[in-house]
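As written, the chains take the letters A, B, C and D, and residue 1 is the first residue of each chain.
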């Protein structure tokens, strides 16, 4: 390998812990010039955190870094940028109400200002335009307001920004961190992105995080594999197969115990609880499926394939594809006020954005748990009985092993996993017949994950029908009785996944791309 | 065609601007028809003059509102500084005006500091400073009205260096143009917008959030001070409460100008429309000698209409 | 050997220390609400001490009742606006509504001879109506509450001037006067008792009712509330209407106390009410705080004004001090840990 | 589409609120229309205008200096030639008069004068600032204070609730109170707090005073609303103490009758407004008041239980008992009748310390004054005073 050359970036024993519990521990990285390095690992393995350490957003607690042979201790993101490291953020770092060119040079205008502190617009615009062209994004007009562009365009703007800044600071060989750049963009953009990355590797090194193993193989020279916040392996891109890479990531073949596969029920005879017919609208085309009593149906597919939209349609979370019908126990849910009706008919929903859609951070654990079932904790109508609420909360706090100082603690202060359990508890408390989950284990630590899987199995034992939407293939495979794979808004592939005959990831991935 | 123009200008708020302008035109026409004297030169001059003061104050307030904050101390600061100017005019002559502005600036800065470092909601900070200042101005004036004796100061508002318009109007226009430039072309101007739109991101990419906030309040205070000075110069006197009307009128003007009260949307350019709109309306109602209570009602309704036509609206569930 | 001894001693003390620290941390986390509200309480106590030092009669029963009487109206209004603020909106029309209801009740009694019972109903109805108007503007026309209520403030203000025709509307209604100024239990003023009852009821609603809980949910995270099956629109509407109704009652109480409908008589209440709510520790961003906290904020204001008068402080100074105290009170109250952004 | 219709709605509202001026316009601008005083004022002015065949309109700057200027600008631009009113912000008189001068209009000021700006200063032989009228507040409150002190036997604790510090009326009334106080050594003023001219605040203040001071024998309130608030507070505390006010509002008269308020001062705003209007009319019709007639006191009536009935019924009727035409010097050059006491102000004494440094009273006035115009005019107006306001 390229052992002879000196790495341009080096991290030794980088560690980061948030409020006591360590997320990344003793990570060692080396980046060489013109190299594309991948960091692979499961959700919560510490990939993003590592990038943020490098980018100075979460300065490491321990360990040192070296950039271009000089020690490198960024305390703020901007410092990292000036040193030649810039990041393309997963949750976008663009301000919608500003023009594109303004976003590109956000907080750097001072370098474009004349003596009167007047910003030299034309220079900024010209510069932005050039980079857009280089990236083959001529259709993006730097003068337009950023909010005028669709998500994937904004993503590309961020990438363009990274290159622009690098050039701007006269870094002849920047390092660009890509945190799930392909998470929400379609095939065309992905290929476009990868081509441009390959083109630009002549002048830059890249660190890539993505949720698609194939992309590591396709793009990266070397791949570091992370597990539980440590890097456990290093592979040469061209030599490794997705399978073995995945092996390395999970460190073990998929463990039936982990997903409690033995508890998976046989539902061939069970009655249909949830049935969706011909769902359509905002790029979802004619999606139909049934979920039986006690069944878990996994809904997979690349991000942007429309699986979230299907979930929204089932629970009536506006805006959702309005065409087609959704039936629960034979009752059709209307389009108007579907949300309320759905809940009234025992449909629960664990949304993707936990903090803004799942919990109310300022409210106590008990208040959050009872939020969807206020009538159940009331003696007089309309008045909450403190005692009942407390006992209900305690019951579920114990049942789900929610780690908190007590039912009165604010949800804000709980860890991601425990917050997610609170969301589940909210629906358990109400007693649901249908539960729709959208990436329930996103950003949840391994332990909590396993517990959540346990809860899902319990639910099925009690006869709930579950629609599981997830980007994590293993999760789908492990949990689901049946797996639907979507692509471009349509169901591409359906496969039964009985405990004794689970599909492989490859099998599913083949139908995704 | 309008769409095409937008495309070219890369400006998605154009329709709003057009709407505001047309409302303005229609209202003017209505009043003009109703009262022949409305469209006379002398009356237009009067409108100019009364707009000029409000314009200066509103321009400053716009930046604060763009950030999603609000400055309720505009009126009090104006009264305070106006009074100071009247006080100092005999000794400092014209220089009392810049001094007044500086005092206003520091009042604004106090607002900003308290807002940023004590982390108290701006509506409350400015409210409190307003109360304190209104006490202070009574204290220095003993509640009396004070005549501005210095001719040079009066000249600043009522004279006419260029013979087309009174100086007061001239100054306010200069301030306005400068502010438009600042709003559109300087770092500070854009950052106020950024803060109103997405504070977290702005902070992440290294915008000095606190500095911007303090600057915005300082600017608002400074311009309020200038407005107070101009008002004193215009009236030829200062009273403890003379700025009072500005506090809500600025908010109205800015909002009617199409800047979202929630921040992050709008700009300084449009504020002048809001100002002209509000002043013309009240002037028109006065020319028609409409009964005061009816005036209040009409003004309220018109604000509603203007906002209805003007502001970007969110779903009923999310509206705050 | 003494060394080792002291070491063990040191270790033991350290352990004890850690334990106590941990206990306190637990305590703080558990009783956050109490801790936060204790700030202004201390403030009030200090003020009481100071004023009593200046004039001992400050701490007399007469003055306590006096305080109750004076703060009763503000308490009701502040309670009302708390509902709106809790859900992250604001109602700038409260003052105007109070004036409006006050004047129109005066007119109703004088010209239409409404009985005490009838006027109570009418007043609450008028208040509620104003609330409905606000709700419509905010929820139907989707105008931000700040602007919507700003304009209703102007409009309602105009209407009340219109109704009164500018004149002070005098009326004689012994029963009303008794309700407002009389005392049925000992010498405790009825207005005070009434206000406290309303406040207590409202706090209970805020803390224990579905409505109150929904308010918190909406203020703390609108989407979550919606996804949990809470009827956001209905809750918001009720909040505005509740605020309006309470303002109506306050207006009636006000006019009953003066038995004169005067223009602008209630307008000052707006800013006082907002200040009181925030001083109590309810965040303007919504979702955190509580109705029960508003009382302490009201006390700060009432005690301050009453005390400054009794101490015979000059008006100008009074005005200045008030502003500073508001800042101070909010500084000690605000639970910043809950405020992501402050606008 | 909805948008468009909304504009037309707005337009409609504006047009609806429009009334075409026919007869000659006369403007009365006052600091507020939201109290009884100025409603009575408006009633008088309206009837006077009708009598003189003028088209009367009243506006209010809400005591806001800038708004007041805007109103005058708009109205004078609209061609109004006769203006009168109360200028809460005295300093505004100057710009207003300037405007009037340019437009050839006339202005009569009531209540507030601007020290250092005598009507004659508007220019020689210029009647843009026709006259200034005010009741002699120092004397009025002096008289009423004496009455109050005598009522409590010339000794005891008195609470003085002022209006809002700084306003001319407040200063003058306080001065009168002080003047009386000087003559009563045994009267002790235990507290002086502002009641902000209104009932709500004054009531709060009084309640607090009752707490702060164990023994209160009487209350001197600087206007009727304050007196009312004070009275209610006192009665709540079960006290019935003599309280006086000024203004002569209807309700106060009732209370005077019931003996719950000791006395008030009747300014008869109906007359004040009407007289000012008539004088403005005269000036615009070419009547030239003499230098001493440019600043004059107008009479007020001390109202107690004794004369309250007469005073009440005097103003009771829908039509006011004044012969407005008769007031006019232009229409009745010889047999004019002011229908109230009116006498020249000794300006030097009136402005006293408030005269700005280096200001000298106009020569014309000074000469006339030295020639004893005060006594002579007082006499002249007195014997023209035929139709009386009951005392």
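Basically, a residue touches a chain if its C-beta (ideal position, glycine included) is under 8 Å from a C-beta of that chain, and two chains touch if they have at least 3 such contacts.
The structure displayed is predicted, hence computed values, not measured ones.
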item: Fewest touching-chain hops separating subunit A from subunit C; value: 1
item: More contacts between chains, B-C or C-D; value: B-C
item: Distance from subunit D to subunit C - Cα centre to Cα centre, in angstrom; value: 39
item: Euclidean distance of C-alpha centroids - subunit B vs subunit C, Å; value: 30
item: Whole-Å separation of chain centres (CA-atom averages), subunit A against subunit B; value: 45
item: Interchain centroid distance [CA atoms averaged], subunit B/subunit D, Å; value: 35
item: Numbers and ranges of subunit B residues touching at least 2 other chains; value: 138, 292, 294, 301, 308
item: Contacts with 2+ other chains: residues of subunit D; value: 33, 164-165
item: Chains touching one another, given as label pairs in label order; value: A-B, A-C, B-C, B-D, C-D
item: Subunit D contact footprint on subunit B (complex, rising order); value: 19, 22-23, 26-27, 29-31, 33-35, 37-38, 40, 42-43, 46, 49-50, 53, 138, 141-147, 149, 231, 234-242, 244-245, 282-292, 294, 298, 301-302, 305, 308-309
item: Touch list for subunit D against partner subunit C, complex; value: 32-36, 38-39, 164-165, 191, 193-194, 198-200, 203-205, 207-212, 214, 225, 228-229, 232, 236-237, 249-251
item: Residue ranges of subunit C in contact with subunit B within the complex; value: 88-89, 137-148, 150-155, 157-159, 161-162, 222, 226, 232-233, 271, 274-275, 278, 283-286, 315-324, 326-327, 330-331, 334, 336, 339, 341-343
item: Residue ranges of subunit B touching subunit C (in the complex, touch as defined); value: 67-70, 114-115, 118-125, 127-136, 138-139, 199, 248, 251-252, 255, 260-263, 292-297, 299-301, 303-304, 307-308, 311, 313-320
item: Interface residues, subunit B side, partner subunit A - complex; value: 10, 12, 181, 185-188, 190-191, 193-194, 196-198, 201-202, 204-207, 264-265
